[in-house]
Every structure is written in structure tokens, then in C-alpha cells.
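Next up: the structures, one after another.
Note that chain A is present in both complexes that follow, paired respectively with chain B and with chain C.
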Partner chain A sequence: MYKSKSKAMLLLPWLLVLPVVILRAFTTVYPIITTVTDSFFDIRLLAGKNEFCGFSNYVKMFRDPKVLISISFTVIFVLVSMFFHLLLGVLLALALNMKFKGQRFLRTIVLIPWAMPSVVAGMAAKWAFNNDYGLINDLIRRIIPSFNYNWLIYRGSARAAVIAVDLWKDLPFFAILVLSNLQFISSDIYEAAKVDGASTWQSFTQITLPLIAKGVATLCIPFTLWRLTSFDLVYSMTSGGPGEDTALIAYRITTEAFTNLNIGYASAMAVVLFLIMLAFSLLNMKLTNSKKFET
Partner chain B sequence: MKAGLQKVLSMALATGMVMGLASVPALADDASGDYDLTLYSIQTTDPDFQDWLDNVESGTGLKINVIAAPTDSDTRQQKITTMLSTGDTSVDIIEINDEMSTAFKNSGWLEGLNDTVMTDDVRSKFAQGYVDQMITNADGQVIGVPSYTGYLAFWVNQQIMDEVGIESIDTKDDFVKYMEAVSGDGRFGYGGSWEKTYVFNEIAQFVNMFGGDYYDWTNPHNKEAMEFLHDMVQKGYTSLDQLPDKYEQMNPKANDGKYGCWFMWGTGTDYDKAGMLGDDKIHMAMVPCFAEDGSRSVFTDSWSYVLNAASEHKDAAYKFLQYMTGKDGMEASFKYFDRYPARADLAEEIVPDDNPVKAMYARYASECKVQGRPMLPQTMEFISAMGTIFQSYMRDEITIDDFLTQAQGYVEEYQ
Partner chain C sequence: MGNSTGKKLNGNKVRSGVIHWVIFAIIAFVVLMPVYWIFISSITPPGELFKSPIDYLPDHPTLESYQFLVSNVGLLDKIKNTVIIIGVTLLVGTFICILGAYGFYRFSYKKGINLAFLFIVATMLIPEVVTARPLYEFMKKVGLFDTYPGLIMLYISSIVPFTILILRGFVGEIPMVLEEAAAIDGAGFWQRMWYVILPLMKPAIATVCIINFINCLNNFFTPLYYSNHIQVLSVAIVELPLRDNMYGVPWDLTSAMGWIILMPIILFVAIFEKQIMDGIMAGGVKA
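Take a look at the complex of A and B:
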């Protein structure tokens, strides 16, 4: 009697989560399987094609100059953006952690850009970087009146502009999350260090950084993955231009899938991106679980 | 007591959920039962849209549900593509542009209208070249009803023309003289929308003006046209700043007097709103003649009402489309949206003689070689690819020969 009741109790949790598992399987596992399957087919809706093509979509992808440009910019975008997220995010968090009048107000307003939809931010940024009507050049002209430069027409400056807007938008959220890590550090530790004669710099490098390192590294996983899948900012700000110079890989996938209707080719790119994200996540999880981060 | 309260609350929540679920089908039934058909429209942001809808509903006797299409062109195209390709039945009539009709007309997603709406006698009233090139599929079925006639018109700023003392821009020499006279101090003789998916209008326009062929990039006139545009950038007659510009960026610059002339669709609504439309300010002019044979070229375009092949309300949809092909439908579009009637015979009746657009459109129709824009089945890929290499050439990242070779490659690839 007791045994059968405990068996039933063991089954109960599974039964309760079953609806969620089914829903998740339908909305996540099924699309993944379909995407992988489609990636082996030449599916072009506008041309009425749907033929098995083996790995040719994958081969084509690594020979397609547009995709190669997208991959190179995605790598640059992720590395540069995450570098500045880490650097400026920690600095901003430290600043917000200081005690001063209006601290709470500042912590609130700093999140405004993050709360703004990316598409809106992108459209506003397109105007902001306009040479004739833009806010950025207007500010610069107050110092250098003869300044004339259109940021969105050259590869380097257009890419820098996209990264800058991405940072402007998401950095505050990153900083607020770092701040929550900082607030877990007991002030007793700093006081003890001060009694032992530690300088501010030593307190920062020997106490603060090690104690927030694991939290910050964990934060890097979703923030990096969001950068890898970012498409809305570029979509509304540059449409991937000039030429294809700011077309992130997620933007390229969306364009191939929903504008050009090359479903098979887009699926192959999505599979590669999925594998990169999976590998990155596993690597990051391994790193954050390693002894280096134990405090 | 606490446990009792929890039980009551749980019961209330569960009851609410069950009631909520039970009421969903009833709501859905009400929503679908209210309307005869659903229209996916690009005009909903027009202040007179409701008046237009009232007119159409009373004219057809239909109760029409309207869904607003996104204003952003890329988003709009993606949504429409997704709806049609998935056999979505929630929308019956959709307004699509030439890019979309070229892409979709042979896909089987749009209903052929030859026997129901665009019968021989009706079809013959529309511009035949446009109907054949843009909205007739490979089986000879017309898949849309043009909602207006538009031209990629040549616009000039009369104030600038008066300032530099040039009375007309009729030939290539006139055009170049105007460029020289106007350009300088942050002002440019020519302005454009050179965003990669917009610029193909102007590339094709200049190719046509030079007597070239957009589908044949071995044609020497194509090369001449591209080098001419490149020279305009080099000489400061036009600006590389317009590389990311769509029409919403170009028109304010035109209104601000930054451009001496440009090509633009429509009847000048943006200039009118800025108080800049008029014979003494910004107005349409005849397209200059660049070609050696003395011909002038102009593109025509339209947005067409099409019927979703998956629609479950086809009879109502036919009624709507038939209304749109007739005088009342075209008059409503002209009255409420300033859309120039697509049927020349009705334009003559509907548009007042003192309307400046009427006179210029009549001249375009009679004096120019009127053509639909050059598009291939893989429309957006082709347009985007051409725009990308054009931008590269203008920025001197590739040579003219590279441009021509790649352009010819794209024509063959997307054919």
C-alpha cells in the first residue's frame, strides 16, 4: 500500500509538468528539428523549389561573400560590445554603488534606454546619426562648427555607430545587474581590509573583482547570446547597410527567410548559429563552474 | 482560517480560468461574424481613411474589417509574405506594390481575376503595358486591380532655378549646367534616396534616360549612365550622404532647399504638408532627354488590390474588387487619398482640369516612353544586390567594370 502510494507520488510531479513539457516540445523542439531538416533542402518558395540538397546549403554559406561579411561583423560586434559591456558596465555599477544624493533617481533613469524597444532605438539612431538633422553631429558642431560627417555611409563608422547604440541601450541593464552583485558584498570585508591597511585599488582588485567575477561571468552568457541573435537594431537603423557592412548574421538569416524566402538556406545559417551558441554556452558554463571562480 | 481562504481563492481562480476559456469561442464567433471580408491596408494612417471606408462600405454593401499594414516597407513585405505563403485565411484583400506583385504573381498565392473582376473589357481600360508587365502571371491571369497610377516624376525646386537663372532642364546639357550652378555650400544639384533597396528606382531611371537596358549590363549606355552618376558624386553635384536615405530622409532635405532636382513618386503630399508645393516652389517637370534618339523615359507604378487565394470570402472580395475598378471606387481613392485614377478614361472624368498633376501626367503619358520598373522573380534579392554594388561603386570600393560584371551576374542569377 505504502509502496504504491509512493510510486504514484513519484509520478505526480511528472504528470503536473507534462503540459509544460508538451508545450515546450511543440514550440521549441519541433521548430529546431524542422530547421535542421529544412537545412538539407533547397527550399525557395518564390522559385517553387523544394528539393533535397544534402550539405550544399552549408557549403554555399561559407562561400557566400554576404554571409562571410555578416559573420565577420557579428564577431566584431559581439567582441567589441561585450568588452565595453564589461569595462563600462562594471565602472557604471561602481558609480551607482556609491552613496550620494539622488542615487536612487539615477539608478532609475539609467534604465530608460534599456526599456526602449530596439526598433524604436534603431529608428531614432538612424536620425541621430544623420549628417543634416542628427543629434550627434549637432553636438559635435557646437565644439567644431565645420564638422561634417555621415556616420552611416562608411563601413567603419557605420559599424561603430551600431555598436555604440547597442551599448547605449543595453549597458545600463548590465550595470544594474552587476550592481546587484556588488550589493551582496558585505561592507565588513572592506572595513577589515581598511584596518589591515589596504588601499582603495587593492580593495577593488583583491575583494570586489574576485567576489563579483562569477556573477559577471554568468551575466556574460545571456548578454553574449543576445548579441549573437541581435537583429532588430540593425534592421531598423541601417537595414544592414552601407552595402552589407552592418548585416549581422541574425539579420542575414531573417532576410533570407522572410524577405527572400530561401527557407533552406536560412535554416542552414540558423543551425550553424545555434551550434555556435550552444558551444559558447557550454564553454561559458564550464568556465564559470571552474575553481578559478570559487571565492 | 488561512487554509480556508486559500481554498476559496483557488476555487475562484480555477472558476475564472474555466469561464475565461469557455468564453473564447463565443468572442471569436462574434468577431468573425461581424464582417464580410478583411482588408489589409497601407492607407490606415491617412486622416481620411475612415471616410474612404464608409464610402466603400456603402458603395458595396459590405462590412469590411481592416487590418493596418506596417508602415515600414521591409516589415510590411515580410508580414504579407508570411501570410500568403502560409495560406493564412484571416485576410482576404491585400494591397501590394510592384515588388511584391512581381515576386508573388507566379507563386499561386494570389487568385486570378480574369473571369471575375479583370474581364477583357475592364482590363482594356487600364494601362496595358503596366498590366502585362507587372500584374499578369505566367498563365495569363491578372492577379490584381491597380489602385492608382503613379509616375517616378522629375521634381525641381523653382526657387533654386530662379536663383541660378535656369528656366528649364530639358536636355543633358541643361541638366549638367543646372548641377554646376546649384551645387556648393551644402547644396546639391541632384538629390536621391540611395538606401540599397530604394536606389534601384534611380539606377533604372538613369539607365533608361541614357537609352540603356537594365537587364543587359553589357550595353554601353548602362555604363555611361553609371559613370555619369559616379561623376556627379565626384564633382559634388550629388551627395554620398544620401546613401542611407529612404524617402522619409530625402523629402525633408528637398523641402529644406538642399536639392535642386530629384526623382520621386506620388503627387507631392510631403511637399504640400511643408507648404513647399507650387509652381513657384517645388513642382513636377518634364523628364529631361538624355538619350541620343531624343526619347524620354519615365517609370510608372501602382499598388494593387489582390485576392488571397486562401480567402474564405471570395464572393465578397470580388464585389470589393469590382467596385475598385469602377468610377465610384476610383473617385473615392482620388477624393480621400489623392490617388490618381489608374484608368485613363476615369481620370479624365474624375480629376479636375485645373489639377497640376493632371496636366503633367498627361504630358508624361503622351511624351515619354512609359514603362513598369525592371524586376525579376527574386525581386527583393535582386533589388538589394544591385543596391549593394551601386553603393560600393559610388564609394569607390569597386570599379565600373566590377560593377557591370556583378550586375550582369545578378540579372542572370535572379532571372
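Take a look at the complex of A and C:
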């Protein structure tokens, strides 16, 4: 079809893709290389320092109590949030799949948390968890009138609150993706099972779960990655507080880079985070490949 | 069929109907209650906001908080900034992504092009926090920091991988014969693009634009760290002034600003529910 062998025609493919390739290269490759080199330097803008320091940023990181708190909360955040993503996400997907008159309305409203900026949810949550005037305690007090609790000033409850808001905002998105897996299951299978006398519970555990298990497992990888770099929510809701207890690693890195101006140190943390994500992504590729292999 | 089984079936139907609506009510409450609370807070006079229990039907609804946002916080300016940045991002971003997606699919037999595509997909995995500081220094050095072109460039970059991924899939569904027929009739590349490809890709482009609109509106990191004076709505909401309350959250203004952001989102979601669902399921979203 491309009869003209002119130079323009040969260049055409590259002309088409270059704008996006250059843009992405410029915003990702170049900065990543800089981050990696910076991580071997002791760059502190406030102290006016900029000298090579080998791996000392990396060593320092694992002895810094602030970073250790961030790492431990990030791990907790990812594990707990993903556990409930799986549990409640599948349940919500089943609910969204119910055949009844309210289906379209239900599917529409669950898109609202997904579509709103995390900072809006975070700012609202900061006030919702306020002891005196917040929505949460107000609702609880309608059942237990004497209830009093200041969620965001204690470590455990502040962490639980952050995870709860993360789930409120993100579960619908997860559920919709689970739903797309559910929709591939033909209703014939359920009919057949019903004829054979299977209960609803049995057809859920024997048919639904095995059929969506692989798809849902694959979903977990990107959702885990997004949790690892979660920043907006904590920035707006708790500013990492109380103390450093809810400072997720992405928040810690950004604070070091933009507030404390410890560029080298922040870069080292960023590199470690990136390597962890890379490992996860390779795992992801392996999983998706094996899926392709089977079908 | 016997009468009794008919009744039993009916009974089952009623029961599952009730269960459906109970689940419906629980989900609707959990999702909508906070949204409703933000709305009524935004129209409650600030003085009545700080009291317990919460009055879910404010006695003296007022737009005072909105007026304050307009006259003292520069709300209209921030709306203007948001609209300009997202508008140009969608126009230019979609344009270069259509070209890119077409190129990546039609010439995927070329090794270099295919590698370039894999590169675009791989960059999806690079988190903003890792690239932030060097990019910030660079933007400052070349004078793009705190400018519309600079912000728009970063916004476009953030939507590229997802958009390319989805659109490339759709180019694949356009039969080659159509293009060949047009070529035989003497249509050049741009004519084929405009008269054959674009019309066929309209639904896909619409879906991608809808989801990118939401992603751009949600973008917080980019406008927070790469601009200063040009403030968009998502940043403005975390930097509102405290009026006369001592609770650390200017909830009167925050709820009003929150509702300004939520209103278009709710409308959008209500109108485009189907396209959004399709888009999410097609690509697993998030730029």
C-alpha cells in the first residue's frame, strides 16, 4: 500500500511515534539517571554540601528511625489494604453484578470515589475523623451517644483511618476490574450447577472463585504498586502524623527532597523504592505471560 | 407446575429482591453519605458548622463560603487554570497519542518501533516520586517551572502510556482493507487518517478522553511541585486559609472547594457511566 518509497514515507513511522517517545524519555529516563547518580552524593542544599559519598546514603537509610517507621507503615498499609481489596473488592464486584433494577445506579455511584481527587477525600477525611465535629463520630454517636475518640492523634487509629479512606476511594475501581472478570463467566455454567442441585454458596466457591482467581491475582500487582507510591492521601489527610506514624515511604521521600532538601538521601530512598517496584513488575510479567501460555 | 412450587419460587424471588435492595442501601449509604456531608457543610454558615450533633438539613443555607472563595481565594482564577491546562492537555495529548498509537500498531513489524512501544509501556512503572526532584531542577533551569507550557507538557506525559495502550488496541480493530481502498482511490496519509481512521476511532477516543479528563483533574503531584503561582483546584483545596476557627481545618472553605470539584465529577460520572466502565475494563486505567 505504501507505493511511494520516498524518504518521507520511510520516516513516517518514526515521525508518528517520536512526539510521545521523546516526551516520555524526557520525563522518565533522564530524571531516573539523575536520581541514581544523585543517590551516591551527599547533597544537602541547606548545608551547602555536594560531595561524593559512595553508598553511605543507602547505609544511613536503614538506620534512620524515621525511614524505618515509613517502611514499616508502608508494608502494613500495602498488606492490610490489599487484604481488604481482595475480600471486599470481590464482594462489591458480586454486588455490582446483581441483576436488579438498581444496577445502573449502583454502578454509577461507585464511580464517584474513584473519580474524585485523593486530596479531596483526604481533606474531607481529616475533618470526618475529628472527634467533636466529624462525620464518623457523629454517626457513631447516634448509636452510642457517649462515644468520644480522636482518631488521628493515636498511631493505631490514625493508621486504620488512612487505610479505611484508601479503601473507600479505591475499592470501587478494584471491584469494577473484578467485575470485568465476572462477566466472562457464562450464565450457562450456573444454570447447570443449579440443575445439579448446587447451592448459591457452592456455585460461588466451586465456580466463581476458581474462574476469577487468576484474573484477580494479576490485578493485585498494579494495585500493590500504586499503594507503594501512594502520596496524595497522606499528604492531605495526616501530613504523616501523628509524629511520623503515617508517613508512607513516598511521602518520606518527597519530604526529604522538597522540604528538608536532602537530595542525595532522598534519591537513595527513591532508588530502593524503584528497585522494589521493578521486582514486583517482573513478577507481574511472569504472571501475565504464564496466563497467556495457558489460554 | 404445581401451585405450591409457584408460590415458593415467588417467595424466593421476593427474598432475593429484598437482599438486593439491602445491599444496595448499604453501598449507597457508605458512598453517598460523605459526599452529601461535604455538600451540606458547604452551604452551612461557618458559625453553625462547628457544633455537634451535625445538622444534616441546614436551617440557614448560604453560599457565603463560595462567595468568600470567589472574592478572597481567587476561585475563578483556579477554575480558569484547571480548564486551560486540562483542555490543552486533552487536545494536544490525544492528537499525538492517536498518531503514536497508529504508528505503533501499523509499523509494529519494524523492530525499532516495537521497542519504542515497549519503552512507553515500561515507563508506566516509573513512579513520580523517583523522577520528581531532577525533573523539578530541570524545569527550573529551562524556565518551564510554573508556566502553562511546562505544566501541560507534564500532564500530557502522564496520560501518554494509558492512552497509547488503549488506542493502539483499537487501531488493531480497523480492517486494513478500508485503508487500502482509500489509498487506491488516491488518498494520501493525512486524508486516510482524517476520513477513515478518525471516524472509526471516535468511540475509543471519547472513552479515552473521558478517563483522561478525570485523571488530569485528579493530578495533584504535578501541579503541587512544578508550579507556584499557577494553582489548579486539586492544589487549591489543600492550601485554603483558616478563617476564625481553631481546629486546623478550614472545613467551611474546604467543603465548598470540595463540592466545586465534586459537582462536575458527579455529573460526568452520571452521564458517561457506560463509557467509563468500558474504559476501565479495557485498560485497567490510571496513567
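Here is the rule we use: the second predicted complex is superposed on the first by the 261 of 295 C-alpha atoms of A that agree within 3 Å, B and C clash if a C-alpha of one lies under 4 Å from a C-alpha of the other, contacts with A are read in each partner's own complex, and residues count from 1 in each chain.
Keep in mind that, in the parts below, a contact is a pair of C-beta atoms (placed from the backbone, for glycine too) under 8 Å apart; a residue touches a chain by one contact, two chains touch by 3 or more.
On a predicted model such as this, the values are computed, not experimentally measured, just so you know.
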First, second, both or neither for A:K286, with chain B first and chain C second: neither
Touching partner for A:N130 - first (chain B), second (chain C), both, neither: both
Touched partner set for A:R142, first chain B, second chain C, both or neither: second
Contacts of A:V271 with chain B and chain C, given as first, second, both or neither: second
First, second, both or neither for A:F258, with chain B first and chain C second: both
Touched partner set for A:N150, first chain B, second chain C, both or neither: first
Partner chain in contact with A:E244 - chain B first, chain C second, else both or neither: first
Dominant contact partner of chain A by residue count, chain C or chain B: C
Touched partner set for A:R63, first chain B, second chain C, both or neither: neither
First, second, both or neither for A:P113, with chain B first and chain C second: second
Contact residues common to both interfaces of chain A (with chain B and with chain C): 126, 130, 132-133, 235-236, 254, 258
Partner chain B, residues of chain A touching it in the complex: 45-48, 126, 130-133, 150, 152-154, 235-236, 238-244, 254-255, 258-261
Footprint of chain A on chain C - complex, ascending: 17, 20-21, 23-24, 27-28, 30-35, 37-38, 49-54, 96-97, 99-100, 102-104, 106-107, 110, 112-113, 116-117, 119-120, 123, 125-138, 153-154, 156-157, 160-161, 164, 176, 179-180, 183, 189, 214, 217-218, 220-221, 225, 234-235, 237-238, 247, 249, 251, 254-255, 258, 261-262, 265-266, 268-270, 273, 276-277, 280-281, 284-286
Touching residues on chain A, where the partner in the complex is chain C: 1, 12-17, 19-21, 23-32, 34-35, 38, 92, 95, 98, 100, 102, 104-113, 115-120, 123-124, 126-128, 130, 132-133, 135, 138-139, 141-142, 168, 172-173, 176-177, 179-180, 219, 222, 225-226, 228-229, 231-232, 235-236, 250, 253-254, 257-258, 263, 266-267, 270-271, 273-274, 277-278, 281
Interfacial residue positions of chain B with respect to chain A in the complex: 72, 74, 77-78, 81-82, 85, 103-104, 106-107, 195-197, 240-241, 243-244, 249, 252-253, 256, 258, 377-378, 380-381, 384, 388-389, 391-392, 395, 397
